[in-house]
Every structure is written in structure tokens, then in C-alpha cells.
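What follows is a single structure, written as C-alpha cells, with notes after it.
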Amino acid sequence: MIDKFVRSMAEAMDGIRDGSVVMIPGFAEVGAPNALIDGLIEQGATDLTVIINATGKPRVAGAKVTGFARLVELGRVRKVVTSFVRAGSVCGDAVKAGTVVAEVIPQGTLAERIRAAGAGIPAFYTPTGADTLVAEGKEIREYRGRRCVLEEAIHADVALVEAWMADRWGNLVFRGAGRNFNPLVAMAAELTIVQTHHVCDLGQMPAEQVMTPGIFVDRVLHLPVGDPKLPI
Amino acid sequence: MSTTTEQAWKPLSRDGMAARAARDIPEGWYVNLGIGVPTLIGNHIPAEREVILHSENGVLGMGPAPEKHKENPWLINASSQRISLRVGASLVHHADSFAIVRGGHLDLCVLGGFQVAENGDLANWSHSPKEVARQIGGAMDLAVGAKRVWVVMEHVTKDGQPRLLRRCTYPLTAGACVTRVYTNMAVLDVTPAGFKVAEIIPGMSFSELQARTEAELLR
Amino acid sequence: MIDKFVRSMAEAMDGIRDGSVVMIPGFAEVGAPNALIDGLIEQGATDLTVIINATGKPRVAGAKVTGFARLVELGRVRKVVTSFVRAGSVCGDAVKAGTVVAEVIPQGTLAERIRAAGAGIPAFYTPTGADTLVAEGKEIREYRGRRCVLEEAIHADVALVEAWMADRWGNLVFRGAGRNFNPLVAMAAELTIVQTHHVCDLGQMPAEQVMTPGIFVDRVLHLPVGDPKLPI
Amino acid sequence: MSTTTEQAWKPLSRDGMAARAARDIPEGWYVNLGIGVPTLIGNHIPAEREVILHSENGVLGMGPAPEKHKENPWLINASSQRISLRVGASLVHHADSFAIVRGGHLDLCVLGGFQVAENGDLANWSHSPKEVARQIGGAMDLAVGAKRVWVVMEHVTKDGQPRLLRRCTYPLTAGACVTRVYTNMAVLDVTPAGFKVAEIIPGMSFSELQARTEAELLR
């Protein structure tokens, strides 16, 4: 019997190595696998390259640093690939100090490069960014009269995913805007680890409504962590 | 210009610019509203006019801001604000959401701007190639992908420097993409010949507008 | 009020021009917009390039020729882009006779090239077909030690779509394996025309369960045509 | 070879080949079964062994052929046969279905073959570059994309010509992709040194197998 559920955070995080490329989805707090990020902090892997859109807001005096920002603060991140680095955020400060390297790219290009890895497309052309700094050092070719940049797939060793519901085959559904990067990173990593709010029996998800088929999922941890926090 | 002339006009407020742009969005358009003043446009589209608002994080059919006790913690927009869904809305993942943007399916995106050049070049994400904080987000995708790109911004900077230029001095978001600009002083179309003034706020003359604009304006 | 429903086949087919590129989804009879194909036959546009995976089975003596095969038989198709041309089918005979040009490509490449058009990707690399006849005349580049072919997006003027349910905004759901190429062609055409088995009020489809958002749809015709026929 | 030697062995039937291959597929694998004999493999995987079958037309988790009156006209496989869904199945569109194939997510695909070369080259879609009927389907995607590619085919053609060759003479489906071959006479692994015989049908000798094979076989 296939059973992708793991019973502990330690089991979920088992084997993540120093130097790994880790994908972290989420848009603000919605769809962010925060419990798994805490697990990764605990697990200890360092020298990480993190593919993440939500690198965090500016520091708020007195507020506890959590999630990805905490991973950065602990010096565990070597490089970040994102569409946003905010001045005054923990990540922004680390980039400014030179302790983290940032590759900042358009958000749609980020999403498409992750999907490309999952879909077996090593590279593609896009007009996005063609006339800008993000095209520097990249190949340019014209299609239909528009300059296009050649962009490569982004593969990961590990993807952390937040689902609303999961079954023992690893079939997933997401809630509301919590879908965002979750189905994409699940496809693009060697090892896909899921935290899920709810668990259901096999067959309770109608076949048409499965959003991420279990083939993309390796481990599932049941963690009913509650709703995303309000944005400040 | 005399003091009395100066007092003859009053630039539009942020809400005033948003309301002005909202007037020009017809029913049936699929529209993405960028962060800042463009987001305010949503408040000025009457509910009975069916304009379908897209948000980069996978939402098509955003409704108005929810009432305090009716907030759904799973629904936010690209500005991380709580939103509601319109009846008829749909939710997709990030690659599908940007397929909507990049595939040319949006009738319009409205973006904020630092600078717009007379050929339609847009700079709205960085003040210098050396800047550490880089906030591209979805702006480059939207500027390249939407059928029309409107920019809403103050006509001049806080220091009085013009934003409508012959050529942008800040790093570009995309080249030759802007089709129309709404400022707190005027509405301007980007034409092959340059900025063409479609409307000036009451009491302001063409030459007063030109005095606040680096690019040469067409009537 | 947005209302994408049209009241007649003539209205659905209005404006399709000679020389158009037309996409027709379906896998065997499942998810095939057969009523719209009949409408196109009636409408009269000719010299068509058709992007279609299901080019048809070998002729059966005495059986009526219908659907895409009928369009071919009437001499209305100039070129077909597909993954399959069967010997003894109407399409196969036309290709053999030289009246129809066939571009036969791998099925996954066909699907991805259609999606690419819808997603604004003018071209991409894929290892599929790299060592084969389908790579002839195409650019080859190596990624991760594998030879890859450069493939371009396929755009269409018109897409014909079969949906299970639709609302007035053009939001669609598909049934069972009837999804296949339908959501892809809907994204890749200038004009997307849908035949739907069922109609629902706006809001009856849960937002998470919409499979094709209405932004990809132009016209919807309500045609409760019944289940797909059994394969012979 | 004498007549009595010839009678000492009996090649496997189509079902026999399918059953033999089925034995080697462990629980938990995601598997695509190609048209023809590979499709028969599904009938030989016991229901209690959870092997998840993929079909190119967007089905993950195919079940056995449905009973006559329980057919669902909306469910077919890539061979256009009516199918059932296993509990736990999911349905996706064609690009997502081929993302599963091309993204390297399938543990195994089993394909039919015309010819396999000792370096793992596969030819299974055309007998000549000049052939009008071209039936590529998903074979090239599967051959390139799956983690393992097994081929199930008769050891020789109807005319007695070998199919396991030094080099394929028919147009290729993909280069160096096949990892294992199940014929009606043997099971062979494709190794860097060539075909290595893992198993021969009862009563057949290595030299008898070699006599029916163009490529040189390794013990």
C-alpha cells in the first residue's frame, strides 16, 4: 500500500543536505509552508540556495523574525532567486551586507522557469525583460518582431509545499489564493515535502478536482496549523 | 507665471487620478491593477459595470475589499491586501496566472511609474542599476504582456522634476509599452510622434503643462 | 452585463475566414467539438490549416464520414499539424494523394507548443525528438548533457472547444478525459468558440474548480449533444 | 539444429510476455503502458499491488477495463479503449499530462518496438522515412522522458528477421533510451557493453537465442 504520510517533522526533513536548492512557495503568508520552514531551521541544513517569491517585508521593531527571514538571519542561505528584495527586510539587509547573493527576476519568468523544470523544458524564450537589466548576459532572439530573452529552467533538490487537503497517494488540493507557486514547485524538485491542513481518504477528492497529482509528491505531514496570518 | 495663475488649478489627488482612469475602463475588459494608485481604481468602477480584475497571485475576478468580519484569510491580492471574490471568479496557480499576463490575454494593465518616455518606455521598479533592493514583481511581465498599458503617476517628482521624458534615466521595466498616461495634471496618449495631450485639469494651460514636462507635448 | 452566449451556430461561426488556422481538440471522440466542426463545414471557410491530434481512424466500409474527416473529404483542409496520420484514414489518403500537407510531431511537443502560444512563450527547447526525423531542419542545443530541439509556439485564429459546463462569463469545466487539449487550444487562439453540454448561473462553479477561466473564451453555444460515441 | 531441439521450447504468447514484464513492476511505481502488448500488462498486475497507471490523454490511476454496463463514455485510455478509474485517480489536461511524461516523473514506460539497438536506440513508429502514414503519438515523449524504458516485442519479425540489432535500420523514436527488453524468448538488459541476457525461456539455449539475434549477446 502506498502511504506517503510521515509521522514526524524529523522524518519529513530527513536527508536534506547542506548546499541544497530549496523551493519555498507562498504569496505573503498565504500558501507558505511555514511549519516546514521551521522544520528546516531545526533540521540544520545550511549553505542553501532558496527559490522563493516572498522574501519578506521590512523589519518591524520588536516583531519576532520568522519563516524564511529567520533562515536568512541564521546565516543558512547563500543565494536567493526571487522577484522581490525589499529594502529594510532581513533578506534585503543580508543582500546589502553581501552575505546573501540575490538573483532578482520577473515574477512571471520565475513561475515559468519553475514550471519548465517540472515539465522537462530546459529553456524557453520570453519577451519579458528583454529591454532591461535582467537580460544582461542572456541570449536575445527576435520572434514576431519582438526581442526575447532565453531563460533556463530552475530545478530544485527540495520543494516545501503547503496544501489544504491531502490523501495517502499525495494527491493535493489548495485553498483560495494559497495555490500560487505550490503546484509548480511540487513538479520541479527531486524531493517534494508537503504540510497539509487536512487529510482525506483515497477517493474522497474527485479525480477532476485534484490540483497536484500524487506523482509529484514524496512525503506528506499532517499539520493543522490554522489560517494564514493577516498581512500587517 | 503670476501667483493668481498658479492658484487657478489644483492637481488631482491620488483618488482623483484613480477615478479619472476608472472612467475609461469599459465593461467586459480583463484588467490588472498594479500596486499603489492603480489599485485604488478598483474602488471607482461601479459594481454594475462588469470589469474583471486580475491579480498576479492567481485571482481572476476580484471584488471589493471585504467587510471587517467577512474577511477570508485565504484571499489576498498582489499587494497582500485582503480581498473578496466577485460571483464568477476563478482561481489558478502562478504559472497559469502569468500565462494570462504574458500570453496577451489582459485587455489592460494599469501600472504606477517613476518615468515614462515619449516612445512609451517605462521605468517603475528601480532608481539605479546599483540599487540593492530590487522590486520587479510582476511589472515587467505585465508591461510586456497586456494589450494596453496605462500608467498612473504624479506629473512631477516631489522635487518638481519631470517624469514625462524624452528618454528614461532609470532602469527600464519594458521598452515602448505604455499607451496612455494619467497624471495629477493631464491625460496623455503615447503616439508615434510622442505624448499627445488628451485632457488637462481645469484651469491649467497647455504651456503650464509643458513647463512641467521634459518631453515635447503635442496638442 | 457580460454575456458570451450566442444563440445560433451561424452566430458562433461568424467571421471565420478562408485560410484560417483552426485548432480542434479531442482524443478519439472524447472532448471533440463535433457539433462545431459540423458548423464549420456548413459555414464554408476553406483552405484551412488544422491543428488536431485526432486525425481519424481508417475508413470503415459503409460508415458515414463525419467530423474532421468530413472536412478533409470536402477539400477544405490544406495542412494538418498532428501526432498521428493513420494509413487508410480519410486524412491519410489525402496526405498520400498530396492534397493535404501533414506536419507530424510528437504528441507532447504538440501539446506544449499550443500551451506556449497561450502562455506567451515564442519557442522552447525539448529533448523529445532530438535524435529523430522530426528534428530535421530544427536547431539543436545541448542542456544537461542531452540534445534538445528548438520548437516554436503554434498560434491559431480559431479554437473550437467542447465543454461540459459553462457560465455567461465563459468559465468552463470539462468532464473526465474530455479535458485533453481543450484548455490548451482555448488559450492559443484569437477567437475561442465553445460548445457546452450544460449551462450554469454565474457563481455556481466554485472558483477553485474552474478549469478554463472565461478570459480565454469568446463565444459559447449551448448544445446538449449527448455522450461521446463508443470507440469502434 | 535438429527438429527435436526446435520443439524443446515454446515462445511466449503476447499475454505471456505481458505477464512476465508485469512481474517486475513493483508497488508504488508510476507507469505508462504503450499501445499493443504493453497495454496487456495492466491485466497482469494484481489489484492489491498499487501500481499507478498513466495514460497520455490526462489520466493518472487507470483501473481495469470496466464491466459492460458500467462503462463511462468520458473515460478512455491512449488506445481509445474504455477504462475505469482506480480510487485515488486524477485527471489533467494534455500539457500537464505530458509534463508528467517529459518532466521525468514516470518511473517506467513500457513500449512496443520494431527494433532495439545494443546501445538502447529504439525504433517503433515508422518503417521508412518515406512512409506517408506517420504515427508518432506520445512514443517519442515517453521514450525520452520516463526514468526507465522497457520494450516488449517479438524477438524476431514474422519473416524471422532479428529485431535486436547492432544498429536500428528504421527511423528512430529516441536514441539510447531503452533499459530492458522483454521478448517472447528472453529478457535482456541494455548495458554499456550491449545486450546482457537476464533470462531465456525454458528449453532454449544461449546459442539458440544468439542465432535469432543480430547483436552480440552477453551472458
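Residue numbering begins at 1 within each chain, and the chains themselves are lettered A, B, C and D in the order written.
Convention: contacts are C-beta pairs under 8 Å (C-beta built on N, C-alpha and C of every residue); 3 or more make two chains touch, one makes a residue touch a chain.
Bear in mind that the values here come from a model prediction, so they are computed numbers and not experimental data.
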{"item": "Neighbouring chains common to subunit B and subunit D, by label", "value": "A, C"}
{"item": "Pair exhibiting more inter-chain C-beta contacts, C-D or A-D", "value": "C-D"}
{"item": "Intercentroid distance (Cα basis), subunit D paired with subunit C, Å", "value": "29"}
{"item": "Separation of mean Cα positions, subunit C and subunit B [Å, integer]", "value": "36"}
{"item": "Separation of mean Cα positions, subunit C and subunit A [Å, integer]", "value": "34"}
{"item": "Shared-contact residues (touching 2 or more other chains) in subunit C", "value": "112, 115, 119-121, 126-128, 174-176, 179, 208, 211"}
{"item": "Residue list for subunit D, restricted to those that touch at least two other chains", "value": "91-92, 95, 98, 101-102, 145"}
{"item": "Inter-chain touch pairs (all)", "value": "A-B, A-C, A-D, B-C, C-D"}
{"item": "Complex contacts: residues of subunit C adjacent to subunit A", "value": "112, 116, 119-128, 141, 143-144, 146, 148, 152, 173-176, 179, 208-209, 211"}
{"item": "Interface residues, subunit D side, partner subunit A - complex", "value": "27-28, 30, 50, 52, 54, 60-61, 85, 87-92, 95, 98-106, 145"}
{"item": "Interface residues, subunit A side, partner subunit D - complex", "value": "1-2, 115, 117-121, 167, 169, 171, 187, 202-203, 205, 207-208, 210, 213-216"}
{"item": "For the subunit D and subunit C complex, residues of the former touching the latter", "value": "55-59, 71-76, 78, 80-82, 91-95, 97-98, 101-102, 121, 126, 129, 132-141, 144-145, 171-175"}
{"item": "Residue ranges of subunit A touching subunit B (in the complex, touch as defined)", "value": "27-28, 30, 53, 83-88, 92, 95-96, 102, 104-109, 111-112, 114-115, 126-134, 174-184, 211, 227-231"}
